[in-house]
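Look for subunit A in each of the two complexes below; its partner is subunit B in the first and subunit C in the second.
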Partner chain A sequence: MRTSRTLGLFMIAPASIMIFLFFLMPVVLTAIFAMTNMSTATGISGGAWQVTQAAVNRLKTDLPELADGIAEPRFIIDEEGLKELETLKLKPGFAAELRAEHMGEVYPSRREAERVIKALKDRPSTREVKQISDLFNRSVLNTRFETRDELMANLKKLGFDLTPQQQDIVARATYTGWIWTTDNFRIISSSPDMAQIFFNTAFYVSVTLLLFNVGYALFLALTTHYMQASTASVFRAIWLLPRITPVVIYVLLWKWLTWDSGFISTFMSQFGYPPKNYLLDTAYNAWFFVILINGFIGASMGMLVFSSAIKAIPQTQFHASEVDGASRLQQIRYIILPQLRWPILFVTCYQTLSLLASFNEILLSTRGGPGKATEVWSLAAFHTALNNYTGNLEYGLGAAMALVLVVVGIILSLIYLRIFRYDTLISKPLIED
Partner chain B sequence: MTVLPILKSAALAAVLLASTAVFASAKDVTISVWSGGSGPNDNYRTDAFDIAADILEREAAIRGEQLNIIVQKTPYSGWEDFKQALTLAAEAKKAPNIVATGHEDIGPWAQAGLIVPVENYIDLDSWPIGDIYPNLMEITSFNGAVYGIPQDAESRPMFFWKPYMKAIGYTDSDIEALPGKIEKGEYTLKNVLEDARKMQDKGLVQAGYGFYPRNSNGPDYWQFYTSFGGVMEEEGKLVFDKAAMKRTYQYFADLVKAGVTKKNHIGMPGDQWWKEVATGKAGIWHGGTWHYARLVNQEGLKDFFANVQFTLIPAGEGGKANTLTHPLAYLLMAGHTEEETQIAADLIKIASEPRINALHAIKSAHLGISPSETKVDLYAGNRWASEATERLLPHANAMPNNAEFGKYWTIMWKNLEATWTGAKTADAAVNDAETELKSTLGNSIIIR
Partner chain C sequence: MAEKPQPSANFSSLPVILLLTLFSLPLVLMYAYLFIDTISETPVGSLIPNEFTLRHWSFLWQTKTGKPNIWLVTLNTFIFASCITAVILTVASMAGYVLSRLNVPARGFFLAGVMVLHAFPSVTLIIAIFIVLQYIGLYNSLIGVILVKAAIDLPLGIWLMKGFYDTVPWEIEMAGIVDGASRFTVWRRLVLPQIKPAVMALGLFSFLTGWSEFILPQVLAPGAQVQVLSVYLASLIIDDNNFDFGTFKAVGVFYVVPVLILYVFFQKHLMNIYGGGTKG
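Take a look at the complex of A and B:
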């Protein structure tokens, strides 16, 4: 008994690891990213402390004295720097010549200090020039400190003894990495563009779902049910084509149909209409085609599920109803639909989630355009976090958007389960008890 | 007993492999170079390193060192995928050694520590770096350090299809004088709209083809903001000039309203756009100096100068005629050994020599990076390069190097697109942009 239990755990281990790694971890990581302001500029792995011009600007309100004191670069050839230079074990001539010729000189920029160092008779290499000039840097401006303590120690050296509170202010203003924040959710809830994208998504999912993934799929399943078997399979095969065609080629076919020089334009030009891009002409056009492109793919799955569910209904019920004089509409209403409740719940639920998360057809066809008319939530999250022209990848905001999608998906699933009364669907049938 | 021979040959193979690895590590250095936005005319952005590597190897051989540089070149034709790939590769510590990208990436990448300043490896006063135009070097500086060596320069002119200009009443000498009039502000963006309208009314071009802007987001649109009096940055702080931005947004809404620009213009297929401007389907359009190369080499526009006039972007209300230069720069990526990065820096230095850089400038119709480059025969003998340098480059602005500029740009563009397509009015778009700029950039942007 014990061994078989261990064996069971052992057998299921690979699956659990997979679920943990590829299902649970992404959600957890998304949630963690969502609580940060990570972007291209902050990096992912952490940051440094750097007194940049922007940081000085930020400090001007809270610590004006400090901000003024550290706003200028300063390089001084002094004894302290020369001592450090001697310990570096570069050529001894460097320190000697600097001491003899340049002692006490002050330079207002790194470039000027380095010009002097470069001109030393022993000709330091570019890397040595940097090494040497660093030793005489008597300012913190633009120096990148790897730790906070290093920055504070250097500020102290410059005569700025800061209280812990002041140190916090300075650290916050100069930190280049990401920080924990809930700003992403504030941006999502307050931005009018986000509201527009949310509305787009709701429109896209509900219309595609209602008209095609469930509605049209049901229509196909019902009509093919009443056809001869061979004709029915031809029709089903045709409607499977969009799904089995690689999506890039499938969308390309739609583009050929709708481009300025595409089929529709060529056809309409026969009637004197100037050629235009039917796909991107207006927001209505774009939505029309986006929904068709997705709907034609989505309809096939519902069709298969519903057809097989109808096939599973005992033929005797149809025969009996025909004896009673039931019309086809009555058969559909009283025999088929009640028994399709479970498949319809499944398809609705499954397709809602996949429509919410899918954006590849839209990306390939309209890229969310014209304007941002067909930008849906998942596409916007992709554009925000991973792919946009300016290369400003906002991982944190994008993750927060993805998290919203996860939450919406869970809520919708729960609502569906209530509407379709899942509890009665899974209760044991009374007859076979 | 067949196992033994197999084992034997496997062992032999392993020994052979190991020995090559040992020899190889003694002198082989792999330097990887990526470049963004590089089409078929831009191959010298990466190919220059083949030449540079050859020279550096020969120099090493003369010094008695053995150096074998393997250059791995990865040019990307677009920008989105390039920036995504590069950023993620760098975060995963798999960055290339050298990257050629737009200078505006220096801000965020430097802040994130993805790039290291080139001035740590290259003496900026030495030839040929010291010879590069100082304003270009400024464009590749950030936080007081020079992060990149300018790879090319360019500027973005307005183009006019000469035959149509003549058809609406301009004489040859009028067209010749147009660049000067635009520079002085006598011919403005308002005239562009009017002339585009005239071309359409005369049936020279179809509706929506009078003024035919770039078909996608690009630095180009900041030129119009400048034309209408906008400023992008002041003393390290981004600037959002509401009135100028509103005039910019309104201009594009007006173009659509007048029917001279298509409402759904943005997002149209790029190939179609190129074919149309090369064959005279469009009346007035704007682009970059490098368009010359593509129009002539790929799109079959045989006699460019007989058909096309080019000028600065005309002034609008409250601003002046201008153009924008968007230099690409060679940057050194972090995460490599000092030795590799030094070799990469040496290669950049050689690739920036006038004769090698001129290969790129002329083949891709970009502009040179240094005065001595204009004296290379290939460059000096090229009509486009010399005329464009003279007419445009003195008036060129650049986008600021600011870690937050990308966010500003995204918001600016999103709302321009919304006004263009009629989804928002110019007023609403400017207000939305202001709200979002305040919430995302806070104190780092001046709104006025």
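Take a look at the complex of A and C:
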């Protein structure tokens, strides 16, 4: 522990473990899940083999005969059924005769099986016939098999002799668990819905970024720069409110503002406009407010970064420009903006990433509505995988959509890393041990 | 720069103040009504309240049907935010020191990794994390969501801590070493006290982000027993049967007041971190 090497490894271990568990592993797992068709229906652990009605329907196209056969009940006189019959305390003659005369026979329908049972010498009553025939019902319909072999053995017992190729088809149709597939990416690249969501995202990120995260932030920084320090700090505090307010309350405030009994409606009704929900009535209004909601939060970071960058500009430059008779716009254009190039680049990179991933505000305000007008990529991934109306959560497809964001995120953050050359940030330790 | 009065029109601040006031009006209005509406009744179609009431605050002493007790929820939120703060401070103060000072292999690589992760949109990982928590049985538990949230905020914490340590002069450590202290003792006894204000700022920041977090608890721990305030409030709002902005806002005020108090008292500390590169 006395050398910095062992101490360093010891001290960085917790951080490494947490980053490994909650960043690296999820990234890898997102990639893995993206290659599956996992959903609520398939479960997330392994599945079983089950001949459900849906599976029979799937089989109909490839193996129509088999599909019809499987769906029918089948009756087999076997040892298992006979043993159960013996325990039923009916006349012992039933079991004895069935064993002697009909052992191993397969009847494709209940009627045929019951005819045989009715013909027994001991003359079972109608109720008994029914009771006995049930014992020999060996239909695979809706029975759960833990392994594929078990299913195939049972099918064979029922008299279905399948070639290995047919067995594959049956296994695929009846498997209830998830399987490996690349369908998710096919859906993403070909579905028109996805294209719409992609354009929504591009629109949302670029407009919010341009107008608010950079544009309005710059405006805030510049205007507060030309104010008394105390006045400026009041405005900065106001504009930091959206960021520090918990997002649920912040969006609640906007809902109140735009609700049909809310502020805007009440205010406009003074001028004779009927009240309406301004947030959700048209796609145009929904976008307007979604961008405002996110923009107001985003503006504060740029405001602080730009303000401190402006503060770092030597005062003498402003005084000199005063002497030369520069107007305020000229000061902004020729003194401030050129020196804000790096902060602007920083904020742009950083906020692009955050905007791509942020769906909190949209989820809470419009939920992607009206219709799917304000559905953006990250929200769509969330809706697909974790929260949708149909109830079948498609983890696989959602993970594939998230993977697209992860890849974009990694690429953009690597660019970010290159721009802000991190190697200048590491200094060599001055104590060598 | 406007401290001393200047003759030039460039330093007249009136137009910018007017302009900015106009822009800030919606925000000010929203926050003013947030407080006003919780203690008053407003007739339909009007904006001016006409009656004082405490009705909206009844959620404090009456548990709503189908909703968990507000005090349990508040306790959960407090535990959630405090644990996150504790984890981040402990882990980041150690890792930040290593990245700033100690000679470990792949230090540069790790630093680059932290910087990338700090900008990386971690919410995109929520689907994988959700499935992992289900596998290992930490779904719907506070521990699971605390670990996830702390891990997601960790890169920023490490990054800031590294910056804080960079400002501590080497001479302090050298003096410690010369006096025979180990590197660990030097860190614990000499370096850490130097950056106490910075540690406090990071702690506050972590507490506030934990207190405000919505999407992680909503997805990873939505159960009634482990609900936090953000999830509680969101579930109130989404419930169409009892639509009552007064109550929503009362819960909102109850939820936001601790944040505002901390913000007012520690604004200076927090500004540095919010500007220094947080997400959002």
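The criterion applied here is as follows: the second predicted complex is superposed on the first by the 321 of 433 C-alpha atoms of A that agree within 3 Å, B and C clash if a C-alpha of one lies under 4 Å from a C-alpha of the other, contacts with A are read in each partner's own complex, and residues count from 1 in each chain.
The rule is simple: a contact is a pair of C-beta atoms (placed from the backbone, for glycine too) under 8 Å apart; a residue touches a chain by one contact, two chains touch by 3 or more.
Predicted, not measured: the structure shown is a model, and the values here were computed from it.
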{"item": "Which superposed partner A:G8 touches (first subunit B, second subunit C, both, neither)", "value": "second"}
{"item": "Partner chain(s) touched by A:A402 [first = subunit B, second = subunit C, both, neither]", "value": "second"}
{"item": "Partner chain in contact with A:L29 - subunit B first, subunit C second, else both or neither", "value": "second"}
{"item": "Subunit A residues touched - subunit C or subunit B, whichever exceeds", "value": "C"}
{"item": "Which of subunit B and subunit C A:L386 touches, first, second, both or neither", "value": "both"}
{"item": "Which of subunit B and subunit C A:R243 touches, first, second, both or neither", "value": "second"}
{"item": "Which of subunit B and subunit C A:S269 touches, first, second, both or neither", "value": "second"}
{"item": "Partner chain in contact with A:W259 - subunit B first, subunit C second, else both or neither", "value": "both"}
{"item": "Touching partner for A:F199 - first (subunit B), second (subunit C), both, neither", "value": "neither"}
{"item": "Common interface positions of subunit A, toward subunit B and toward subunit C", "value": "44-45, 259, 261, 386-387"}
{"item": "Residues of subunit C defined as touching subunit A within the complex", "value": "1-3, 6, 8-11, 13, 16-17, 19-20, 24, 26-31, 33-34, 37, 44-47, 90-92, 94-95, 97-99, 101-105, 107-108, 110-117, 119-132, 134-135, 147-148, 150-152, 154-155, 158, 166, 170, 173-174, 177, 182-184, 187, 208, 211-212, 214-215, 219, 229-230, 233-234, 237, 245, 248-249, 252, 255-256, 259-260, 263, 267, 270-271, 274-275, 277-280"}
{"item": "Subunit A-touching residues of subunit B, taken from the complex the two chains share", "value": "79-81, 83-84, 87-88, 91, 104-105, 107-109, 111-114, 119-125, 143-145, 206-207, 216-218, 235-237, 263-264, 266-269, 272, 338, 342, 402-404, 406-407, 409-410, 413-414, 417-418, 420-421, 423, 432, 435-436, 439-440, 443-444"}
{"item": "Residues of subunit A touching subunit B in the complex", "value": "39-45, 47-48, 50, 52-54, 57-58, 73, 109-111, 115, 118, 126-127, 129-130, 141-142, 144, 176, 186-187, 190-193, 259-261, 274, 276-277, 280-283, 366-367, 369-373, 386-394"}
{"item": "Residues on subunit A engaged by subunit C in the complex (per definition of touch)", "value": "1-5, 7-9, 11-12, 14-16, 18-19, 21-23, 25-27, 29-30, 33, 38, 44-45, 220, 223-229, 231, 235-249, 252-257, 259, 261-263, 266-267, 269, 296-298, 300-301, 304-305, 307-308, 315, 318, 322, 326-328, 331, 346, 349-350, 353-354, 356-360, 363-364, 378, 381-382, 385-387, 395, 398-399, 402, 405-406, 409-410, 412-414, 416-417, 420, 422-423, 425-427, 429-433"}
